[in-house]
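To start, I am sharing the structure in question, which I have written as structure tokens.
Should a chain be cited, it is by its letter among A, B, C and D, assigned in written order, with residues numbered from 1 in that chain.
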Amino acid sequence: GCGNTNNAGNSGDNQPEKKKIKIGVSVATMQEAVYTFMKKAMEDNAAANNAEIIWTSADNKEEKQLSDVESLLSQGIDVLILHAVNTGAAASLVAKAEAAGVPVVAMDRLPENAKVALYVTADSRQVGRIQAQYLAEQLGGKGNVIILEGEAGNGVARDITAGNKEVLAKYPDIKVVVDQAHKGWARDLAMNTVETALTQYNNNIQGILANNSGMAMGAVQALKNKGLAGKVVTIGSDADEDACKAIKAGELSADVDKKPYELGKASFLAAVELAQKKTPASDTTIKNGDFEVPVKLTPVELIKKDNVDTMKYRWPNL
Amino acid sequence: MKKNLHKYTILLVLLAMGIISTVITDGAFARPENIMNLAVQVVVNGILAVGMTLIILTGGIDLGVGSVMALIGVVVAKLQLTYHFSTWSSVLISLALGLGIGLWNGFFITKFKLPPFIVTLGSMTIARGLALVISKGSAIAPVNNTFAMLATWQLPSLVAVVLTAIIGGLILFRNIRNKHWLDGIATALVTLFVIWVLLNSRGLPLPVIIFAIVAALGIFVLKRTTFGRYLYAYGGNVQATRLSGINVDKLLIWDYVIMGGLAALAGLVLASRMAAGVPTAGNMAELDAIASVVIGGTSLAGGAGAVGGSVIGAFIIGLLNNVLVILNVEANYQYIIKGFIIMGAVMLDTLKQKRG
Amino acid sequence: MKKNLHKYTILLVLLAMGIISTVITDGAFARPENIMNLAVQVVVNGILAVGMTLIILTGGIDLGVGSVMALIGVVVAKLQLTYHFSTWSSVLISLALGLGIGLWNGFFITKFKLPPFIVTLGSMTIARGLALVISKGSAIAPVNNTFAMLATWQLPSLVAVVLTAIIGGLILFRNIRNKHWLDGIATALVTLFVIWVLLNSRGLPLPVIIFAIVAALGIFVLKRTTFGRYLYAYGGNVQATRLSGINVDKLLIWDYVIMGGLAALAGLVLASRMAAGVPTAGNMAELDAIASVVIGGTSLAGGAGAVGGSVIGAFIIGLLNNVLVILNVEANYQYIIKGFIIMGAVMLDTLKQKRG
Amino acid sequence: MKKILEMRQIEKSFGKVKVLKGVNLTAYRGEVLALMGENGAGKSTLMKILSGVYPYGSYSGELVINGQICQFNSTRDAVKAGVSIIHQELNLIPGLSVMENIFLGREPKTAPGLIDWQQMRQLTVELLERVGITLEPEELVGNLSIGQQQLIEIAKALSFSAEIIIMDEPTSALTDSEVEQLFNLIRLLKSQDKAIIYISHKMDEIDVIADRVEVLRDGESVGGGMKADLSRDKIISLMVGRDLTDLYPRRENKPGEVILEIESLTVPGVLETLSLQVRKGEVLGIAGLMGSGRTELALALFGIYGKRLTGEIRLNGKKLTIQNPRQALDNGIALVTEDRKVSGLVLGMSVGENLTLSCLEQLSNALGIINQERERTVIKNYIQELRIKTAGEDLAVANLSGGNQQKVVLAKMLATQPRILILDEPTRGVDVGAKAEIYQIINRLAANGVGIIMISSELPEIIGMSDRVAVMADGSLAGILEKEEVTQEKIMALATGGRRNEKESA
């Protein structure tokens, strides 16, 4: 459902003098589970804060996001929550909002060199570091590793991979033998990559780092076919439902939960505060080109077999 | 006559969609500000659709336009940021690059007799790769200030109104002189509508002006020049065209060069609008452009069609995106609705034509 | 004769690519295990390419195959996981759904005279939307065990060798009887190669068997049945086909129904391979399928082409992806290389044909 | 004789234009009925109604076969009722083989959907034999010459073993011997009590084969009768509505100095060291058997063979380089191609657009912008001058009758104001009236000093129109005959050159 903005009978109705806050959201895509949780977080909190949410999704196309943001601004939103398709290209979106007097909350992805009011993030680079750290520990600092990257040129893919490599650089005996990007983060392409690599290296592969859960599951499937599932350390990110199930089954080693619900909720609450002309709380600041941007960090968590049951909050069927 | 008729059925479909959109959005759709938004949002796809019409008319196709846009954006931004080129020189170089890619396409299509599908699939892939390599996969920003301003510069509202009135008046005058009454009425209505939007806006954004010029040139070239006439002829019967003494290789090469130039222009508009060169931009843009052309009534087999229809086709697609955002329809449902409406629009159009 | 010639030039191109790949990968490419990998990886696109050949032969197109694959995957997984359907019933229902989508396409193309491009663009968008809505955007997993095993089940190596020898022998016998020497040599070589690969593998995976059957049926249907011949006739001259008393609407509808069924089959193979229903799967798969067909020498204008070429085209694309991974070429450069090689392959093919 | 067919008060319109206005037609068993009329009179339309192409309900009137009222919904129904047709336009599929084309839609089968190739091949061999052509049943139709394709159409029509066989200009691309073969077949069919409806613009053929004649003019029956009772002139005057005195009008002018010299023209594998001269104001006829390379000569002079062409072409003493049609046209050499639909016209474009396609550059400025006024003037002039019958210059050329389409192709080339005009089969499928007009145009051009090369398979036309006749055989020149010495026999002797057998096996 998309229209739970008119909850009759709630507190909003009793105070007709108070105008509803209009919050525009522009996300890159809705084609991954994580985004539905961000959306849900906002919807769950909308009524209580007398806010209306206009949600748009850019289909991973920069140009569509541009149109989305323009359309949102022309509808007179009070705050914009922006999840950029492309962090390098999103400064102009922030500028547009600024020109319209609309503050911007950057959700998960920080538009480069842009003056956003707040950056709420689960920090993709950190995700990459956590993945690699866990891998290095499991491998005892030694082995052949495959990195499965998402779409070439995608910011999240870039950051996670950078985080991976930053940590792996400290382990000279870990060798990245295959490092491939995958169009559309496609699970089957990732599976092909792993199959080919396993063949080429005679199964002499010890670890697989995947930029998201889907590709990690593609890897698991390829491993399964060779009877290697559970024997090669495999780690994803997003903690999708099937990934969590695979962790439980011992096929996937770990996955990073970016806690999308928390991320969505924190972004939303900050936006409400901005609409009320308050300054939302932040944990730190970061230098973003010419600007100093306040940052609110939401937790990320490594999910392994021992703590996978905590994911029941998100996946009740686990 | 038939050509004309089609122009109007598809225009009526657009009009109907506009009216319905206005009703279901409680008027939000028809607000001048939103109409202007829509116009700006249509520009990139619209420019591509104009070029794509010239290609599809010959029975060809250009799958590379989306990637070329990305490459051009990356190059223009790189030139400015890394090599400190001025806005103008970087823009000119980028346009030249676009023309060069078109030349490459045209060369292989004519001299090696390769199918346009393959050649442009090749340039699609290569251009995307180059864009990614040059940019190392990240967006290149910031671009020059002047360059970024191009997309936001506006012709003052009053000047635009006067210009619109003059141009509309001239066309109307011609229509009346030639006793094209239907055209006359359409011209009058469109002119009045545009003036109304302009009067309620701050001005006319440069991208829209560029698009209007490109569309007008496209219409003019197809209707009034030898080049345009030859494109129809080629699409209708290659052999007869060759035997009529037309250098068909040169014709096709020019055709793809123009498409390359327009893809570059669209890429520049996009880069200026985003104030960045984005290597992943324009993904699947070719599909939207081709769809606009086909919705507009140009046949993929070549030989029949017109730029006017493609422009309307581009507006139909743009309107759909715009309205679905206003209605706040959930993304996944948007796909379903879009699919039905695109089919529906063309169906209405076809049914009307049958009756007419 | 000409058709035959083409079959061989493109086969030679594939062979040349294989040899080069073997050399630059220090033999890694040609290892039987990798060849088997390649075969499995080609299956999905290969099945689509067979169906797409039947569509393109009529001058049509089906843009929806990628999305239909995703939808089918999601549906089969959902049926199993949420509604606890057995593997077989869920597979049958999914296949029926695929056929139904084909029927829908065929219906609008024939009865409303809509361009296939538009109708299948519509189903492409709608199917994607449905896949996303049904799955709420997430992968649906795990699927039934039996279902997941389908993709990994293998025919024991020896049985496969014997079967290959028998089938190869029979074809060879026919070739010799009909004095098709070239065909005979090709058959012998391919059979021996396949046997060598099989002897060095654990077995022949079910997806490859399915693909082989689909390809063989495709070749058979086009060459030997009235349906196949009518497809050529339709693509060559619609008018004449209709005047020959052939029910062309029925023909086209069946054609799209078959494509729908094959897209569903490909979707099932994919879902089984991934052991999940993934709503974003098959993105742009239509482009690969069409490219395979065109590389294989089938004309987008319809009327000429063959399934054999498309299968080889699918292998060319698959080989490229496989080798680039072995070489671990950076993604950005992969685009560039792929673009050049696809163009180059078709160019070689065209040049050879000219000489031949 | 027994009446087999009666068409009563047939009316048919396309849009607002009524093309059949109450036509009546009767046919009897065992006769050849010639259906005559100018281009656009409605002959083909009437036959399409009879053969189910235009289904019941799309026309008005009654169709009675063997005393039974028929309402065909499709061509299939017509075939079932015993009607088969050889269409004026070839309806073959280039990508399929001869046998597949013949049996398209009714293949012999071994099981549902499975073609019985053995039987199909056998039946095809028999049929081809009946029609008198030797061809591999597996040969792709796309590789055949137009004449061969026409024979395939004939074979196909015969294979239905129909009672009423319609032949709509079946001989437009056949050689004399093939025509003779066809006539023998027709006589055989007649003796089997079938009814044949024969449409042709060739009066000679009518004289030979027709028993009875019916004439259509502007969609109305205007008369007819037994052939024996009708003179040729009478038929023509019924067709055109006036008397046509002289089909090949005399030309007053005498050829002047040589303007075009061709020396040792060679295209490997196509043309062999061919030398010719054309004079100012001369009509040089080119005769030869089908496949003798006449069309190739025309194409060579028009630059189609590019660099493969060697030898010298001189115009007014100046050596020319002609490697593409543009260069040919720029040098004043124009070609009216043999097949107007395939290589002459862009069918989807209007009459006007087709007409100016070759001279558009002259009608536009340096930027390529067309001067609409001038274009319209040119179009109007040529429509008037050549008396092209069209509802308007904006009408799609596909809607014109054959003769008028031919005039459009001619006009297109005349608009380039050529000094040398090559005509390849300029009157194929053109009615007598229009033929006479085309001849007059040719004469007018000659009188204005244009050198004309006219390729034709109709010897009367060659003899009637030419100042000299060049005869080709096997891609080279077999000889040249001066006007005084030209006879059919001499042409044939040169054309076959004792190599008849070789030719026919080729």
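Simple rule for what comes next: contacts are C-beta pairs under 8 Å (C-beta built on N, C-alpha and C of every residue); 3 or more make two chains touch, one makes a residue touch a chain.
These numbers come from a predicted model, not from an experiment.
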Ordered by label, the neighbours common to subunit C and subunit D are B
If you tally the C-beta contacts, which comes out ahead, A-C or B-D?
A-C
What's the distance between the Cα centroids of subunit A and subunit B, rounded to whole Å?
34
Between subunit B and subunit D, what is the gap in Å from one C-alpha centre to the other?
44
Just give me the whole-number Å value for how far the CA centre of subunit A lies from that of subunit D.
71
Where in subunit C do residues touch at least two different other chains?
132, 137, 284, 331-332, 335
Which positions in subunit A are in touch with at least two other chains?
30, 152-153
Multi-chain contact residues (two or more partners), subunit D:
none
Complex contacts: residues of subunit B adjacent to subunit C:
59, 63, 108, 112-115, 117-119, 121-130, 132-133, 136-137, 284, 287, 290-291, 294-295, 299-301, 331-340, 342-343, 346-347, 350-351
Touching subunit B in the complex, subunit D uses residues 302, 304, 324-326, 328-330, 335, 337, 342-349, 353, 357-358, 360-361, 364, 367-370, 372, 394, 412, 416
Which residues of subunit A touch subunit C once you look at their complex with the stated criterion?
30-33, 35-36, 149, 152-153, 177-181, 183-189, 191-193, 195-197, 199-200, 213-214, 217-218, 221, 224-225, 240-242, 245-246
Taking the complex as given, what residues does subunit C use to touch subunit A?
28, 31, 33-34, 37, 40-41, 44, 132, 136-142, 151-152, 270, 273-276, 278-281, 283-284, 321-322, 325-326, 328, 330-332, 335
Name, in rising order, each residue of subunit A that touches subunit B in their complex.
1-3, 29-30, 54-57, 59-64, 66-68, 70-72, 74-75, 85-89, 91-92, 95, 112-113, 151-155, 158
